[in-house]
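Next come the structures, one after another.
Each of the next two complexes has chain A plus one other chain: chain B in the first, chain C in the second.
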Partner chain A sequence: MSDVTPIRTPAENALIAAFPAARKSLPGNAHVIALREAAFNRFEAKGLPHRRVEEWKYTDLRTALRDALPLADALNVADAAALAQSDSCLSSGDAFAELDAHRVVIVNGHFVPSLSSVNAQGVTVNDLAEALSTGAGIDALGTMAKADDSALALNAAFMQGGVVIDIAKGASVDKPIYLRFIVMGQEARAIYPRVLVTVGEGAAVTLIEAHQGGDGIAYQTNAVVEIKAGAKSHIQHIRLNAHGDAAIDLSSLGTDLGEAAEFKSMNFVMRPALARHQVFARFSGEHIKLDVSGAALLKGKQHADSTLYVDHAMPHGESRELFKHVIDDEAVGVFQGKIVVQPIAQKTDGRMMSQAILLSDDATMYNKPELEIFADDVACGHGATCGALDDDLLFYLRARGLPKPEAEALMLAAFIGEALEKIENDSVREALEAQTQAWLLARAVK
Partner chain B sequence: MPAVKETVEQVKAIDVDQYKYGFETQLEVDKAPKGLNEDIVRLISAKKKEPAWMLEWRLDAYRRWLTMREPTWARVEYPEIDFQDIHYYAAPKMNAAPKTIDDVDPAILDTYKKLGIPLREQEILAGVQQSKVAVDAVFDSVSVATTFKEELKKAGVIFCSISEALHEYPELVKKYIGTVVPVTDNYYATLNSAVFTDGSFVYVPKGVRCPMELSTYFRINEKNTGQFERTLIIVEEGAYVSYLEGCTAPQRDENQLHAAVVELIALDDAEIKYSTVQNWYPGDKDGKGGIYNFVTKRGDCRGKNSKISWTQVETGSAITWKYPSCILRGEGSRGEFYSIAVSNGRQQVDSGTKMIHLGKNTTSRIISKGISAGHSQNTYRGLVSAHRRATGARNFTNCDSLLIGNNCGAHTVPYIESKNGSSIFEHEATTSKISEDQLFYCMQRGLSAEEATALIVNGFVKDVLQQLPMEFAVEAQKLISISLEGSVG
Partner chain C sequence: MLEIRNLHVSIEDKKILNGLNLTVHDGEVAAIMGPNGSGKSTLSYVIAGKPDYDIHDGEILLDGENVLEMDPDARAAAGIFLAFQYPLEIPGVATMTFLKAAMQAQRKARGEEELSTAEFMKRVRDQAGHLGIPQDMLKRGLNVGFSGGEKKRMEILQMALLEPKFCILDETDSGLDIDALKVVSEGVNRLRAKDRSFLVITHYQRLLNYIVPDTVHVMAHGQVVKSGGKELALELEANGYADYKTLAA
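The block that comes next holds the complex of A and B.
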C-alpha cells in the first residue's frame, strides 16, 4: 500500500548522514540555512521517490540511486586557469562551440567567473554561492520550483553554487546567454547546481543550457533552474542534456509567468544513463503563452523521463506541449504531463501531445498525459501516440532508391524536427539538428 | 429523431432533483446482524447452503481482507466507511424457495413492475416488445426470480443465480470463479469474495448463440445493508451472449455500499457483450445519501479471436469507482469499452478501463464520454498496456469530457504503457464546454436552452449509445437528460 514507509536504502542513509556536515560547509546565511533544513526535513520524511509515488511511477530512484556520492569540490584557481589555457578541453563536446553568445561556465556545480564573459546591457550575473552567503538578490529563490518533490528538496538542501541572473526591465539581450555546465574529474561525484533568473517586465532573452560530462563515470547531478518571467517578457529556453553515458541526471525547471509573458522551453536529451527533467510552470497573470517541448534520442539501456506540471491559475492562458521520443534497443522513455486548469482560469486553451517511435522490440514507452480541469469555458486536449516507423512510408522511400538506414534516418529526422522547429534562434536549432544527425548516423552505421 | 424529442419532453416533465426509482418497498426481511466477522461469513454461506469448499474460500478471503487497506488513489472523497455498521445479508422473508413466479411475494413483483421490469414471461410475450429478454432479479442479497430459464435450457444456456449454480453446477463455478478477479485483487474485490450473497451465473456452451438477451436487475431496498453481488459469465468456443445489467435503489439520507465483482471468460472465437445502465440513487443536490459503488469488473479473452465488449451508462451513485477491464490473452482477441459517465449534484465518478494486451495481434478500442454538471467531479482513469510479446497490438482511445457549469471538474488520467515496438497506440482526449455557437444556432431555430442542451449532449454521446441494445439505448438517452436536469442556465 502507498502509505507504507519502506526501509531506508543505503543511498538515503548516506544522504541523511551527509547533511549535517554539508549544512555547515555549504554557503548560506541564516535564512538559507533555514531553507536547507526545511528542504532536508521534507526529503527525510519522504525518502527517495519510488514507483508507488505517483509522480515518479516510472522512474524509481530508490532502485536507480544505489549510493549517495560525496559532493563535488569547486575548481581551485589554478585548475580554472589551466582550464582556460587548454582550449581543447573546453571546446571538446561543446555543441554550441560556434554560437555567438554570452558565456557562463559552471564546473561541477560552481560558477567559474574566469571562464565566463557576459557583457550586455541590462544583464547582471552573480555567483549564487556568494549570494547565498550575503542574501543579496535571492528573495525569489525557491519560490518558482515549489512542488512537494524529493528531487527539488534534495537540491534545496545541498545546492552548492550556480548563478543569479538578472535581466533589467525592458532589456532586449542581443545574444543568447549560454550557460555551460561541465562535470569534470575521474571520480564520480554528486553535483547540485542552481540557477535563478529574473526577467524584468518587457525584457526579451534567449537562455541556453548545455550539460556535459565524461563517459563511463557514474556521477549524479541534480540541477534546478528557476525563472521568474516578468509581465510581457519574452523568453526562449533551450536545454541540451549531453551528460556522460553513465550519469544520473535529475533536473527541474520552475517558472512563474507574469501577465502576457511568452515563454518557450525545450529540453533535448542525448546520452545520460538516466535523465529526469521536470517542469513546473505557474500562470500568475492573464494572456500568457507557454510552450514546453522536448525531444529524446535514446538507445542502449538509457532511461529518460519528462514530467510536466502546468498550472493554469489565471484566465486566458495558452499552453502548448510537444514531446518526441525516439527509442532504440532496450531504452525506456517516459512522458508524464499534467495540465491543471483552476476554477478561475476560464478561456484556457491547452494542447498537449506526446509521440514516440519504438525502433526495437525491447524498447518501452510510458505515456501519462493528464488533464485536471475545474473551469468550464476551456478548450483542452491531449494526444499520445506510440508505435513503430510507418511501413508504408518506409516502403515509399525505399522504392525511390533510398537504402533502409537512410530512409529511416530521414523519417526520424523529420519526426524530431517537428520539436526542433520551435527553436527561434537559427544557429541553436542547427546545432541541435547536427546532434540529431550525428545520432542517426551512428545508428545507421551500426 | 423521435428519441431526442422524447428526451426533451422527459426533461420538461420532471422536476429538478427527482430520482424516479427512489421509492421503498415495505417487506418482512430476514437480516443478518450488523457487523462483519467470521461468523457472519459462515452465516451467509450457511444461508446459501453452500458446499464446504466455498465456505473455506470465503473465510480465506475474509482473513486476507483484514490485512488490506482501503485504496486511496482514486479522485473521490468520502467519510470513512464503518464496515461494522452494515448488514451483510438481507433477504425478503419467503416460506420456501419460490418454484414459480406466482410464489414470489406480490410486493416484490409490484416493485419490479414499478421499475418497469417484467418478471412474468407471458407479460413479456404479450407486450409490445419485439425481442425477448430473460431477467434475473436480485433483490438486496438474493435472487428472487429468473425468467425464461426453461427456454434457455433447451438451447443449452445456463442462466440462474450464482447461489443456484453453486448447487446445480458446482464444478463449473469452482473451475472459473476467482480466475479473472483473484480473491486478493483489491480491497473491495476481497471483501466481496468473503461476503457476496447473490448475482447471476451464465454459461453458454460451445457454438451456441444465446437466443435472447440476458439481463440482471439489481435492486437495493433494505436500510443499512450493503449489496455484494457476484456475476460469472462463461462463454465457450464460438458462442455468443449479450448481457444487460440495471441497478436502482431507494432515496435515502444515508450512504449505502455496493461492492460487486463481475468476471467474464471468453474462450476461442467467443463473444460477450456486456451492457450496464447504472442508476443507483445518486444522493440529493447537497450530496446527502446515495450509493457508494465500488465495483471490480474484468473480462478475460482467453481464447483465440475472442471478443469482450463493455458498454456502460453511468448516471447514478454518489461515488463510482469502476474500471471494467479486458485481459487480451488470446491471439487476435479484441476488447472494447464504450462509456458515458454523467455526473451532477455532488456526484463523484472515477471510472475508466484497462486494456491489457498480452497476446499477439490483439486490438482494443476505448470510447469514453464524460459529462459533468453541478458540483460533481468526473474522472476518466484508464490503462492501455502492451506486454513484450504482444506483437502487433493496436489500441485506439478517445476520451472526451463536457463541462456544464463552472463548479464541476473533469479529469483525464490515462496510462499508456508500450513494451513492444510493433504495437501501435493512439490516444486522444478533449475537454470543452457546450459551444456557444451551437447553442445559439439551436436556440435561434426555436429551441429553449434546455432543449438545445439536450440535443447537443445527445450528439456528444451518440457514439456510445449506438453500442447499446435498442431497448437500453432509448432508456439510457432519457436517463442522461434527466441526470442533467437543472444544470442548465
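The block that comes next holds the complex of A and C.
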C-alpha cells in the first residue's frame, strides 16, 4: 500500500468542512470533545476507506459515498411525538410490532423518551446525548472496537445521540429490549446514532435492533453499538436492517467479552442500497462462547457487506460464524471473516462458514475468510459455498407438484432458516421468518 | 391411461431411449425389468418431466394428452407420480411442511379447495400408521438422515397422500428389508384401483410376488424388447437378460 494520500473526494471534503461546526453543536463535555477530535484526526489522516484498504476491499466508500450529507437536525421531543402521529414510518413497517418487549425509540439518531418505555428490574436506559455532556456512565465509550477503522472514527467524531443501557449484575431481563431506529423526513440526511450497553456479571438479556427508513431517499447512516459483556453474562443480539431502498448504511458492533460470557449476534439485511455491517469481538476472558451470524436477502443493485474481526485473546474460547446470502438480480454480497488466535489463546475452537445462493447470472458473492493463528493447540476451520439452487432438489419438489417459484421459495426459506434457528426467542425468530416469506413472495410474483 | 409412442431421448449427446413404445391401461400394473443402464430411470424421469433431457421424437400421452409440453409440477397435478430410485434429502424443510405444501399445491392447480389442517393431519397420521412411519420422523427435515429403507417408505407415503393416477416406482424395493418390502407392497396394493395405474421398475422377481403385475416388459438399449404376462418375470429370473442384450443390439 502506498503512503501517498489520494486526492480528497467531494464527500471527504464535505466531512472535513462539516466537523468544526459539528464539534461545537454536538453534545459532549471536554473529554468527549477530545474523543471526537482524536477520531476526526484519524479519519482525516486516512480518508474514506477504499478498495486498497484490505478490510474494505469489496466496499469502496470513496466511490459509493458521492457526497456527504448534512447532519440530521436535533429533534425536540415535541416534534418527535408529533411525527409519531403523522409519519407512516413509525406507525407501519415495524417488523416486531407484535413483540412483547421494552421499547427504546431512536429517531434520526436521537433518543425519544416519549416514545420509549423501559420498566424492568435491573435495567437503566439513559439518553446518550445527556451522558456525553455530563460524562456519566460513558467510561467504556469507544473502547470496544478497533480504533483505526474509518467508519468507526466518523461515528465517534459525529455521534449525535442514542442511549446508554446498563444491565445490573445478575439481572435476568424479563423481555427483550427493543431498540427501534427510525429515519424520518423527506430530505436525505446523515445520521450517526450510538449505543453503549454494559451487561453486568451473570446478567442475561436479549437486545433487538430494527432499523428502518423511507424508500427512495438516499440518506446515510453510520451507527455504532458497543456491548460490554460481563463475566458469565448471556446476551442475544439481533439486528434487522430494513433501511430504505436508497439508503447507505454503515454499522459497527463492538463487543468486549468477559470470562465465560455467551454472546450471540445476528444481522439480518433486507432492503438498503448499500449495507456494511462490521463486528469487532474481543475475548477478554477464558471459556467465552461467541456466535456471530448473518442472513441477507438481496436483489436489484443492492450491496451488502459483512466483515468480522474476531480476536481470540484468551484461551478456551469458542467462536461460531455462519453467514447466509441469497442474491438475486445484480446484487452483491460480501463476507469477510478474520479470526485471530493470539499466542496464549490455546484450546481455541473456531468455525466459520459462509454460504451463498446466487439466483441470477449477474449476482455476485465475494468470500474472504482469514485465519491468523499464532497458538498451536487450536481447532479452527472455515468453509464457503456459493452456487445456484440445486436443480435436482428443485426437480424433486416440482415433481411433487410445487410450482417453480414455490419450490424455490421453500428451498430458500430453509436455507435462511438455518441461520434464523440460532435465535432463541420464538417471536423474534418468527418475525424474521415472516420478513423472509414476504421477500420470497415478492420474488415469486415478480 | 399412459401411452408412449416412438420416444427418442438423449442426454449430453448420449442416446438413451431409442424409439420406445409402451402402453399401460387403466388399472393396470405394468412391471419393467431390464439390465443396468438400459434406460429405465431415464424413462421414469422423462415421464415425470425432468428438464435435463433432449427429447428428439415421440409422445407421452396421459389419457390422450401429451405431457411432454407440461412442467413437472403440472404433470404432478395431472396425476403423474414418480417414487425416486434415490430420494433426495432436503435439509431445513420439515417433512410435514413439505407434504402439506405438495398436497395444497396440487389441489390448487386442479382448482380444488384447500385441505383443512385437521384433515391433512388425519390423512398423514393414517397413512404413516399403515406404513409404520413414526410421527417424529415427519418432523425432521425431508429424508435427512433417513436410512435407505426409510426414504423408500417416505416415497410411498407421499404417493398415498397425493393420490396420483399414474404411479411410477423406480426400484422402490431396493434397500428394503424383508418386512419393509411387505409393508411397502401392501401400501401399493391398497392403492390399486380401476382408475389408477402403476409402472413398477424392479430387478427382482420377488417384489412381483407381492405386487402382482398384469404385464411385464423387458427393456434393453432404450427400447421395450419384449412384453408378456407375469410369467415373463419368472423366465427372466431363471435365464437372465442374455437373450435380450443381443436382440436389440
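Keep this in mind: the second predicted complex is superposed on the first by the 435 of 446 C-alpha atoms of A that agree within 3 Å, B and C clash if a C-alpha of one lies under 4 Å from a C-alpha of the other, contacts with A are read in each partner's own complex, and residues count from 1 in each chain.
Throughout what follows, contacts are C-beta pairs under 8 Å (C-beta built on N, C-alpha and C of every residue); 3 or more make two chains touch, one makes a residue touch a chain.
Computed from a predicted structure; not experimentally measured.
K.L.:
Identify whether chain B and chain C fit side by side or clash on chain A in the overlaid structures.
P.N.:
Once chain A is superposed (C-alpha atoms), there is room for both chain B and chain C without a clash.
K.L.:
Touching A:R398 in the superposition: chain B (first), chain C (second), both, neither?
P.N.:
second
K.L.:
If we overlay the two complexes on their shared chain A, which of chain B and chain C does A:G383 touch? Say first, second, both or neither.
P.N.:
Only chain B; A:G383 stays clear of chain C.
K.L.:
Report, please, how wide the angle is at the C-alpha centre of chain A between chain B and chain C, in steps of 10 degrees.
P.N.:
With chain A as the vertex, the angle is 70 degrees.
K.L.:
Just to be sure I read the superposition right, which of the two partners does A:K169 touch: chain B = first, chain C = second, or both, or neither?
P.N.:
neither
K.L.:
Touch check for A:E372: first (chain B), second (chain C), both, or neither?
P.N.:
It touches chain B, and chain C stays clear.
K.L.:
Pick one for A:G417: touches chain B only (first), chain C only (second), both, or neither.
P.N.:
So A:G417 only meets chain C here.
K.L.:
Given the touch rule stated above, what does A:E406 touch, chain B (first), chain C (second), both, or neither?
P.N.:
A:E406: touches chain C, not chain B.
K.L.:
Regarding the shared-chain residue A:E54, is it in contact with chain B (first), chain C (second), both, or neither?
P.N.:
In the superposed model, A:E54 contacts chain B only, not chain C.
K.L.:
On the A-aligned overlay, A:T364 touches which partner chain: chain B = first, chain C = second, or both, or neither?
P.N.:
Touch partner of A:T364: chain B, not chain C.
K.L.:
With both structures fitted on chain A, tell me whether chain B or chain C touches more of chain A's residues.
P.N.:
B
K.L.:
Smallest separation in Å between any Cα of chain B and any Cα of chain C in the superposed model?
P.N.:
Nearest C-alpha pair, chain B versus chain C: 14 Å apart.
K.L.:
Which residues, counting only chain A, touch chain C once they are in their complex?
P.N.:
Interface residues on the chain A side: 391-393, 395-404, 406-407, 410-411, 413-415, 417-418.
K.L.:
So in the complex, which bits of chain C are touching chain A?
P.N.:
48-52, 71-73, 75-77, 81-82, 84, 87-88, 90-93, 97-98, 101-103, 105-106, 109, 141, 158, 162
K.L.:
Please output the residues of chain B touching chain A within their complex, sorted ascending.
P.N.:
Listed in rising order, the residues of chain B that touch chain A are 68-69, 72-73, 388, 391, 401, 403-433.
K.L.:
Give every residue of chain A touching chain B within the complex, in rising order.
P.N.:
Against chain B, the touching part of chain A is residues 1-3, 54, 343, 346, 356, 358-388.
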